[in-house]
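Have a look at these structures, which come just after this line.
Next come two complexes built around chain A: one with chain B, the other with chain C.
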Partner chain A sequence: MPLLEIRDLCISYYTRAGEIPAVVDFSLVLKAGESVGLVGESGCGKSTVAMGIMQYLGNNGGIVSGSIKFKGRELTTLGGEELRRLRGSEIAMVYQEPMAALNPSLTIASQLMEVPMVHERVTQSEARERALKLLADVHLPDPERIMAAYPHQLSGGQQQRVVIAMALLSNPSLLLLDEPTTALDVTVEAGIVELIAELSRKFGTALLYISHNLSLMLETCDRVCVMYSGEVIEEGAVDSIFTWPKHPYTHGLFSCIPLPDADKNTRPLVPIRGQLPLPHERPPGCNFGPRCDFFKQGLCDAQDIAIEPVTVGKDADHCVRCIRWNDIDPSDAITVGPSKQAVAVGDIVLEVKGMQKYYEVDDRSIRALISGGGKRYVKANEALDFSARRGETVAIVGESGCGKSTFAKVLMGLETATGGEIRLDGINIGEMPVRERSAKQLASLQMVFQNPNDTLNPSHTIGSQISRVIRKFGVESDRAKVAERMLRLLDLVKLPRDFAFRRPRQLSSGQKQRVGIARAFAGNPSMVIADEPVSALDVSVAAAVTELLMDIQREHKTTLLFISHDLSVVRYLADRIVVMYLGRIMERGTTAEVFNPPYHPYTEALLSAVPIADPKIEKRHIVLEGAPPSALDPPKGCPFHTRCPRKVGAICEQERPPERAAGEGHVIACHIPLEELRGVEPVIRTAC
Partner chain B sequence: MVVFILRRLGFMVLTMVVVSLLLFLLLEISPGNVATKVLGPYSSEEQRTLWLAAHGYFEPLHVRYFSWLGNFATGDFGESIRFKVPVSEVLWPRLANTAILGLATFAIMIPLSLVLGILAGMREGSKLDRAISVTSIATTSVPEFASAVFLSAIFVFWLKLLPGTSGMTEGFSIKQLILPVMVLVLYDFGYVARMTRASMAEVMTTAYIRTAVLKGLPYKQVILKHALRNALITPFTVIMLQINWLLSGVIVVEFFFAYKGFGALLLEASLNQDIFLIEACAMVAVFVAVATQAIADIGYTYLNPRIRFA
Partner chain C sequence: MTETAMRAPSHQAALLRALTSFALLRESWVGMVGAGIVAFWIVVAILAPLISPFEPNAILQPFAKPGTEFAEGGTFWLGTDQIGRDILSRIFWGSRTVLFYAPLATFSAYVVGILMGLAAGYQRGWVDEVLSRIGDIILSFPVLVLYIIVIATIGASGVNIIIAITFSSAPGIMRIVRGLVLDLRNRDYVAAAQTRGESSWRIMLVEILPNARGPLIVDACLRLGYVIITIGVLGFLGLGLPPPDPDWGGMINEARAIALAFPHMTVFPCIAISSLILGFNLLADGLREISLRD
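Right after this comes the complex of A and B.
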């Protein structure tokens, strides 16, 4: 008997607009100890399935038809009390935002201990012992201290480990993981992914792993279900789907992911055209039809399409919901866009020399008051040196807290530098706050922000927001000319002209980000800072926005400063890379130099942490221990020595590492001799 | 934490000093006015000058201010013009009476409004929620003087259960306290209940409540252990502000029921231009306002560990 058996499950939400089917005819069989992934873009219904299993659909959601059997028991008809006994003890869940999932006003101890106390009626001391043991199992240092802590005193990675420990306390046979690593840094994500795999082996727990990240599926799951618009469109063994993706959508998703062999000039990404249909506006027949290159009228839209097993391919072990799967070969479709002209690199636009940014922190403890040492500094940026040329894309890479956003703020003039200089077109702007900059200077340095949903004013139309920028920057002042320029900007970002009259809430996130790009390019900037411009977007949308940004850059010869934590995107689009850790530059060089040995040990770990959606690629596993230290109290010597797997010895703790030139413009700050770093095996390798 | 409390107390003292200075400048800046108020409009110029000299009013301004402040700090508020006794002799018993009224009101109002607010917020949009919300809006929108008349009509004139005045001329009587308390509770509970409901409803939609439910905790435990403490942070601040409000908010009720409290005293002092009594009442009101805020801030940090350790 399978552990979990879902048959023809339909879940709907009831709103004022009527019934909205979120999940349609979903079927899944999960055996004990197996791990199955649910993957798809936002709005495809993957989280609704998890909440459906938990029978927690809120006031306006409900199961319309179908059955969910867990260990032979039907969950859809279970009463409140029986359901409560099942939740947390037989089926447990791990959530996307660990900070939000933990109660801010209770200690970790009381949140952990209540689980076995409620489900197994154990004594307080036994519950405590078990909680301590599990905290050790999830590799948290000093479990006693963690138990006494409140959630906000832990780092994101530690919080997620606590949530995992909480889920495993009653030894459930099924664990639902809803985007468990999406909110975490890459190196922390790698640690959590490894932990989940280890624990499921150790406890024999079956996993239902929900994620938007295809690459992660390859590392975590045995089987995978690809969902699109409420339906499973392809389902089967991970290797089979990754090797022979049969559905054009699955195939399209792969073309949107920057794999190591993608390149912005010779092998550009191919975004999926169009956008996800709204749940109440799904087309007849195949939901993907309107966006599919293989769509055949009268066939694809004639009937509901059943899911069929794939028979070709020698080891193929999966099913696909495509009526034409046998006639078409999705790999015939353009998987590689037409190659594009590389931008000629011009003069130096931005030059950063020894830039520092310190924040002053008042220490208000009694000890500090008595000793008089009330002032401490957060060294957000320490001695940054690099330059960017016209038409070039420079990426700043690093995990949260490394100081990359602080640097962007100083560049924009929202903060002023503590020391050193930043020259933009020869003028030092490091100490020039935004209010003192001229309209021309403002226009020449613009920014695209991370979350498009928060950066547009909800009560103004798109057109008026763009026009305002055009007038403010003094590009045009004549009414008709402003309107004309605004419309041309909409053309530039490939939005229909009538979007000028829409308000932000009528746009999807991807469209909003296009507006953000149009706004940034309104004043013909010489340089644009893009702070994680695609990390809040879905895979296929992100690919489209990335391509758009690249095209505009080519056309305008703009310098792009791309700030990101995502190394696969960075590899795809950057010409040169700056790797930062705790406010310092660890390594800088061209993309090829940074992604190949010699590596800085931190770069090496970052590379290893990025999941790659290609079964043919072999990767060395390097998992960093612990969390990055606080910038308030950075380690002496090399800032990375506390987590470095290649630490040489005492010298790393005491002396600042020298900056060694490994080539022209390629600099590595490490004590390890270059010869030795050159000898390091590459992190990723294509298997033959 | 100790530093935080000390800072808060320091801030409290500073506020009071600033207010005292304003009060002094406003009421005592021209000695002639003071003398007229104390001695009455029909006193002669000579009498006033004599009185002013005897009370040190010809000293420089800052000397006068500090001696005035010193007297206040030691509890010497001067003599009431209306009652012809030292101000402190009238003030403290009146304040105690209002404290009794306030305590009784709060003892009923706080549990009532918190329980109703939590019940309403627990299941937003349920029938219980609707009923509680409508009731609390209705009661809050009836002004005190109207509900005082209305309740008196029922309990005093129709049912003849309760006395219509609360003068307490024959010693303290619980029976006389019932109607004033009832009016105040009726007026104020809806507001606090609405605040609690909003706070509770918001907490119920958070991810950590979902976590608690999906951990398989019984519903009672989800509410009592996980929701309550977080939901009480906002109402706590609101309740502290209500203490402050009560001090002047009781004027109508005390006057209506002839209850001898602080509100009635304030009214009487203002109507009779009893300058020293006004000064004393104002300082007491400011002290209560500042003190409740300090308590609210300190209590807030205990309810919210994120602030405590920040």
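Right after this comes the complex of A and C.
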């Protein structure tokens, strides 16, 4: 008997606009100890499935038809008391935001011990013992200290480990993980992913792993279900799906992920055209039809498409929901876009020399009062040195808190530098706040923001927001000409012209981000800073926005400063890379230099942490211990020494590492001699 | 594309939005009841000259009980007061006073409070310190004492009622606006406006203020109710509009001494005040309910 058996499940939400079918005809069989991944873009219904299994759909959601059997018991008809006994004891769940999943006013101990005490009525001391053991199992150092701590005293990664421990405490047979690493940094994510894979082996727990990230499936799951617009469109063993994706959508998703061999000029990404249909506007027949290159009228849109088994490779239960799967080969679709002309790199536009940014923090503790040292500094940026040329893409890479966004703020004039120089076209703007900058300086330096829902003012129309920039920077002043230019900018970012009258809430995230790009380019800037412009977007949308940004950059010969934590995107689009850690530059050089040995040990760990959606690629696993130290109290010597797997010895703790030039413009700040770093085995290798 | 062609759809959209927001209110019956009561009093105020059976200040027949027939024709439906004026007509005309001064005073308090709140929340630093401390000082006085001090200093008149209410309510509004601005100023679109060199006032008024409107509209409805109470209280204390013009609070005050013997002289103006305040409170509840949904 399978552990979990879902048959023809349909779940709808009831809103003001009417019934919205979120999940349609969902079937899944999960055996004990198996791990299945549920992958899809936002709005495809994957979280709704998890909530349906938990029977926790909220006031406006309901199961329309179908059955969910858990260990042979029908869940859809269970009453409140029976469900309460089941949830948390036999089926447990891990959520996306660890901070929101833990109660901030209770210690970890009381939150953990509650689980076995409620479900199994064990004594307090036994509950405590089990909690301590599980904290050790999730590799948290010093479980006693963690038990006494409150959630806010732990880092995000530690919190998520606690949540996982809490889910495993009652020894559930099914664990639902809803995007458990999305809110975490890459290096922390790598640790959690490894932990999840290890725990499912160790405890024999079945996993349902929900993620938007295909690459993570490869490292955690046995089987994968790909969802699109409420339906499973393809299902099969991980290897089978990754090697022989049969559905054009699955295939399209893979073409949107920048793999190591993608290149912005010779092998550009191919975004899936169009966008996800709204639940009440799904097309007849195949939901993917309007976006599919293999769409055949009269066939694909004639009737509802059933999911049917295919026989590829050695996997027997690979199923696909495509009526034409036998006639088509999705790899016939163009998986590599037409190669594009590389931008000729011009003169130096931006030069950063020894830039520092300190934030003053008032220390009001009694100790500080006595010792008289009332002021402390957060050293957000320390001695930044690099330059960017016209038409070039420079990426700043690092985990959250490394100071990359602070640098962007100083560059934009929203903050002023504490020391050093930032020269834009030869003029030092480091200590020039935005008010003191001339209109020309402002226009030449614009920014694309991270959060698509925050980048546009919800109260004004798209057209008026773009027009304002055009008028403000004096590109045009005549009303008709401003309107004309605004419309041409909408064309440039490939949005329909009547979007000018819409308000931001009528747009999808990807569309908002396009408007954000149009606004940044409205004043003909010579340099654009993009602060994680695609990290909040879905894979296929991100690919389209990335390509758009590249195309506009090529056309306008703009310098792009790309700030990101995602090394796969950075490898794809950057010409040169600056790797930052705790406000300092660890390594800088061209993309090829940074991605191949000699590496800085931190770069090496970052590279290893990035999941890659290609089973042919072998990767060395390096998991960093602990969390980045606080910038208020950075370690002496090399800032990375507290987590460095290649730490040499006392010298790392005491002396600043020297900047060694490994090539022209390739600089590594590390005590390890270059010769030794050169000998390091590459992190990523293509298996033959 | 010509300018008119570009403008037209946005006007239609504005009309459509206004209609949909009214349609939304229909989903909250509490809000509908509130809107109904408020609408009733607005209609009464507009039609007061037509529907009042008598002149509001005409001295006709003292101490008439409700329902008494007047010798020269007509009925005192709600009776007359101690000097013989028809109470129903005075309530009708009094609604004009309250519905004129209450929104005006609220509006004036909002203009001052919003400007102070925007400046404090956006500029921070010493501007924030100074404005917030001034607000704290004003708010630390009991409001009644504050009204008496202000009106006693500058005298009782329509304009001075507005000044007194603005003086005492603006700090509270400032605090709400400041709180909203502290959140909104960190949005990316504000950073985008700063990096294109917009002036502070433009950022405050065009980029930030429109996005704070939701909670402010709800608060304005509630506050309108309080201001009606205030105007009533001022009338009752004799600090309201000078007689003989009808004023609900004043009517209660004049009949206070004989309230036990002639309850109709105080009860009906009280019902009028309460119903209008109730109307605004229910309307605010309905608006809040709708804004929280979705």
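Note that the second predicted complex is superposed on the first by the 682 of 688 C-alpha atoms of A that agree within 3 Å, B and C clash if a C-alpha of one lies under 4 Å from a C-alpha of the other, contacts with A are read in each partner's own complex, and residues count from 1 in each chain.
As a convention for this text, a contact is a pair of C-beta atoms (placed from the backbone, for glycine too) under 8 Å apart; a residue touches a chain by one contact, two chains touch by 3 or more.
Here the structure is a predicted model, which means the values were calculated and not measured.
By the touch criterion defined above, A:E618 lies against neither chain B nor chain C after alignment on the C-alpha atoms of chain A. By the touch criterion stated above, A:L456 is placed in contact with chain C alone, chain B being left untouched. In the superposed model, A:M93 lies in contact with chain B only, and not with chain C. In the superposed model, A:L106 makes contact with chain B only, not with chain C.
Applying the stated touch rule to the two superposed structures, the chain B and chain C interfaces on chain A have no residue in common.
Chain B makes touch with chain A in their complex at residues 2-4, 125, 206-208, 210-219, 221, 225-226, 229-230, 303-306, 309. The touching residues of chain C, counted against chain A in their complex, run 1-3, 6, 9-10, 13, 27, 187-189, 191-192, 194-198, 206-207, 210-211, 213, 294.
The touching residues of chain A, counted against chain B in their complex, run 54, 56, 59, 84-89, 92-93, 95, 97, 100-106, 110, 114-115, 118-119, 150, 152-153, 163, 166, 364-366, 369. By the touch criterion given at the top, residues 16, 412-414, 434-435, 437, 439, 442-443, 445-447, 449-451, 454-461, 463, 468-469, 472-473, 479-480, 483-484, 487, 500-501, 519, 523 of chain A touch chain C in their complex.
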